[in-house]
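Here is the structure we will look at.
Letters A, B, C and D name the chains as they come in the text, with residue numbers starting at 1 for each one.
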Amino acid sequence: MIKVGILGVSGYSGLLTFELLLGHPDVRVVYVSANNTHGPLNEIWPRLNGKTNLQCQKFDAKKAIELCDLFFLAVPHTASMDVTPRLLKANKKVIDLSADYRLKDLKDYEKWYEVKHKDTRNLAKAVYGLPELYRQDIKKASLVANPGCYPTAAILALAPLVSSQGSQIESIIIDAKSGVSGAGRKVTQGLMFGEVHETFKAYKVLFHQHTPEINLYLSKLSDKPVDVTFVTHLIPVNRGILETIYIQFKDDLDETKIRNLYNKFYKTEKFVRVLSPGLQPELKDVVGTNYCDISLSVCKEKKLLVVISVIDNLMKGASGQAVQNMNIMCGFNEQKGLL
Amino acid sequence: MIKVGILGVSGYSGLLTFELLLGHPDVRVVYVSANNTHGPLNEIWPRLNGKTNLQCQKFDAKKAIELCDLFFLAVPHTASMDVTPRLLKANKKVIDLSADYRLKDLKDYEKWYEVKHKDTRNLAKAVYGLPELYRQDIKKASLVANPGCYPTAAILALAPLVSSQGSQIESIIIDAKSGVSGAGRKVTQGLMFGEVHETFKAYKVLFHQHTPEINLYLSKLSDKPVDVTFVTHLIPVNRGILETIYIQFKDDLDETKIRNLYNKFYKTEKFVRVLSPGLQPELKDVVGTNYCDISLSVCKEKKLLVVISVIDNLMKGASGQAVQNMNIMCGFNEQKGLL
Amino acid sequence: MIKVGILGVSGYSGLLTFELLLGHPDVRVVYVSANNTHGPLNEIWPRLNGKTNLQCQKFDAKKAIELCDLFFLAVPHTASMDVTPRLLKANKKVIDLSADYRLKDLKDYEKWYEVKHKDTRNLAKAVYGLPELYRQDIKKASLVANPGCYPTAAILALAPLVSSQGSQIESIIIDAKSGVSGAGRKVTQGLMFGEVHETFKAYKVLFHQHTPEINLYLSKLSDKPVDVTFVTHLIPVNRGILETIYIQFKDDLDETKIRNLYNKFYKTEKFVRVLSPGLQPELKDVVGTNYCDISLSVCKEKKLLVVISVIDNLMKGASGQAVQNMNIMCGFNEQKGLL
Amino acid sequence: MIKVGILGVSGYSGLLTFELLLGHPDVRVVYVSANNTHGPLNEIWPRLNGKTNLQCQKFDAKKAIELCDLFFLAVPHTASMDVTPRLLKANKKVIDLSADYRLKDLKDYEKWYEVKHKDTRNLAKAVYGLPELYRQDIKKASLVANPGCYPTAAILALAPLVSSQGSQIESIIIDAKSGVSGAGRKVTQGLMFGEVHETFKAYKVLFHQHTPEINLYLSKLSDKPVDVTFVTHLIPVNRGILETIYIQFKDDLDETKIRNLYNKFYKTEKFVRVLSPGLQPELKDVVGTNYCDISLSVCKEKKLLVVISVIDNLMKGASGQAVQNMNIMCGFNEQKGLL
């Protein structure tokens, strides 16, 4: 039984991490904190009424360190790198759901997140928490950078391809669509019900901050640098991401070969499902689960492959994957608390 | 051709008033203002692109008075009573969409809106802008207090009854449901997409500030004071109000008589439609229109009448009714710009 | 480990029952059937991909009886009473989610469901599966009539009151609102996206078929017959029921006394949460859970109590309650698979 | 004053055409028909209550021809070509909202719509009703094939480019997203509220029947055949289409030049709005209007242009454009009834 702390429990991914751990037999959440909201956790989140007596507190590093073995940081970026050094120094395990430890190049971080990085020492040590690619590293990690929601869906959709066909790929376009919870729980005009409901739009066209994360981890897999075109849209639903990915090949495409490639790559992966020919994934089949569903469609004449991937942005795109990482770091069954 | 100014054009009812007037042949909007947002109106509201060159300005009373004959105040309550005295003094007509001039008893205003009233002089002169009841007064008014959205649906649903059967009524319960735009465009946690979508709740149970407005104008119609039970709910839609109203009678109810009462009362009213037996109104039949649809259902054994009324809260519940009032005040055809 | 069959697995409550049982350690689903859809269950419901290899078959009583100890009937009313006699005769336990065994008076059944009852023998034996009221009977039952979704929310909201204050109650009005899944998965014009989204309406005003079920079980608790006024509305959400209930008292109301009554009544009930003063329940706090949340608000001057109750219509209103009943019938921990 | 008939008035585009014409000063709708629904039009569409006394009838060619000068065919494809020959023979003008007269190659029609074409004689004469491209032809046409919703947004987004830069274009990918009303009002499992709400999916990936229509009319503009990649998705909203279009150039792209091209092409077009740099269009800015909004974003390094276009699928994508065509055919101001 490990003892866990959740920082940022007043946000959507903080809450979901808490709820997942309630059902996990080997874990006890003993500490929860938030920046601006304090008091009984079941008053902050009435749906937890009757399930917990925890008090949500202002973060107190000393106390937190005394109580916990492992921390989930479900806080905004820049807040993570403020607390992580101290937690690691006290020999705690840390799973960071923010963007702070994902990019390895300081210039990239500063360009896309528009702040200086304050913890370059641990940046190098952080393991990217995509279990399907980095399971062995995660086992030994004390700091895991939990992937972004868009990058999770993109990298899982493309990993089998770029890792074996990299030189065959001419270009990659990712047309991504996300539900509203992807933006977190912050209060802004643009995320008001009246501004989001019964509409649809693109945003941050060609300059979303998840672009370098996608490129970095795909490039690591490929024998040549990957540089995707990435456009994001907002769907009027609470949860879920769907990415329609267009891969232009240089030479002829063999659908059977591609399909075998994906099936083999994910053969032993519980949380990635490659759909049969003719089927297309949709949000409602993965919302509330830790699955990533992937379909493959080929246009032979155009040498074009269309890969569609869907995840629940709060599950496989955040809290579910974080719990999966915890399971790996702690030697638990990887699926515990997630099925 | 009259010249019109709209204050608070950056809110939902300000925008809709502007859009309705764009299609009105006898009116030109020459001045628009807002508190915190300035610049070209078609940048504030991209849907107006190509339809207007107006600049939205910080309110400047002198300039506004020079330019306009009539003003729509689509501002929050308390802001109206700050500007109205000056506009009236300059002999301008004013249609106030806020709550400032609806309640006549100062104590009521201060109790329910939690501020002191600053313009008691004009309060007494203001005419309640429900044309179906006060058309003759509106014709002569220089200040019209445009009714609240909930009260519009409630009073229209009950007026035929309380004005002729008041003493027969034992109790009235109004179970009201509103779309989100009823709360205006203010930015608050409770109106975020993630907090409103795919849920439903009651709010301000038994203490909504529209209660005294409903009671005041129904009591004026009745031979005894009316004191309704009023509970409000939030529907995850942008627009529309539906009120399910339970009227307990003291004695036996005659359905045909009640139905005749309503049909007669609204016989010449264009914007109130009493539905045929067996039909029930719904939001989508009135959204985008200035109609109020009303159904009548009787439970004879319980001496109970169920009246259901629906309106578009931004049309008949705000901007549509405001334009209707303007038409009456200016001697235009009452339906102009509204069909 | 008991072996379970689910009839009607192609509907929403059939699917959810299956999903709940997947996570139940003492149960194995070994048989699933549907009327018009056959084949691998994970093709009918792609979200089950990777979780089951079961085949959905046309119902075959002989085979089903050989394989299973207990059956969930998630089928339309009238279909249940066709198969139940044979299952009971083979000494199987049956939990019927349809309306077939809820009403005890044949005339009521035939009036409200417009068909003759075909299994009057078992009708008398069926236990009404509301554990908070009938736990002891459920323990010994072989046939449980799982309550309707509206009646579950209504009876739980009113049971403490009618069982102790029945003679004090003048009248009860239930203004009920339900998400769309309450109507099941049948394909009809009225439940198309384009007809339900961004609208709101009342339906079956004063003649919903759940009325006699509510009256029957409340009357059993009360020292005088209960006859509620019941009006239903459709909310544009997938899941959840909220009922706003107005109880007119004859004499003065003591809020503290009422509140104590509810707290005491549900003191040991895990799945009913009586909210603290000032709080109101909402759908999103119970959707996906087996909870019923209840708030109490008093208008002293009018001798009126407003009780608001919410449930997930597919959980406490159908599948969750069915699993709760199974746990009781089989001697499992009542909460197993439900938290 | 021309006299108009609407066939298929029980569908969404039939209703909207009727509503638009109610506000058109030079038109009177004198005849409406539908296949399966007859009786007072304001009972079929309660929102028309008080606005019309027309009876919706089973189509009777003789009667319709006697009464009307011009017909809107808002019927499913294949139904149009059954009635059009007779209407044209009687010298009536016809605007066909179905797909029957859009494709010119019989094999294409038969391949994509899976039926034989029955009216090849008129197929050749039909003018494609996209006013921005074919205004002069529409003026003289007696049969106008009103464009499909997806093709309208696609062709308007690409026309300036393919008509002048055709040889520079390497490839075009259209990632299209549509609201639910695009599928019409037919009753199918896939369009039920419970199947569409709170989800998102791709459908007909790489084989949507609007593909050949897009290719045909873009190819006519270009100096080389255009063959787009076209993938469609379903958004959980009632109305609106957004298309994100990726155009790969062979050589370097000059953003200013491209932007000038679009601004010049649409300089005098009322219903196409090219957005300023940095702005992106969204559904809510065009829903309820006849506008097509277009944004341009350039990725210089990749020689890639991203064009995003939005329309209301029922307005510019169907009924609005049909009225625009009628205005042109009859010599009315092109914007009449549309602003």
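Methods note: contacts are C-beta pairs under 8 Å (C-beta built on N, C-alpha and C of every residue); 3 or more make two chains touch, one makes a residue touch a chain.
Please read these numbers as outputs of a predicted model, since none were measured by experiment.
The greatest centre-to-centre distance from subunit C, using averaged C-alpha positions, is reached by D. Counting C-beta pairs in contact across B-D and across A-D shows that the higher total falls to A-D. Chain centres here are Cα means. That of subunit A falls 39 Å from that of subunit D. Put simply, the C-alpha centre of subunit B and that of subunit D have 37 angstrom between them.
Within subunit B, residues 198, 236-238, 281-282, 284 each touch two or more of the remaining chains. Every residue of subunit C that touches subunit D in the complex is listed here, in rising order: 12, 180-181, 185, 187-189, 191-198, 236-238.
Per the touch definition, subunit C reaches subunit A in the complex via residues 22-23, 46-47, 49-51, 198, 270, 273, 275, 279, 281-282, 284-286, 288-289, 291, 293, 339. Of all residues in subunit C, only 171, 173, 175, 177, 179, 198-203, 205-206, 227, 229, 231, 233, 235-240, 242, 244, 246, 248, 280-284, 287, 295, 297, 299, 302, 304, 306, 308 touch subunit B in the complex they form.
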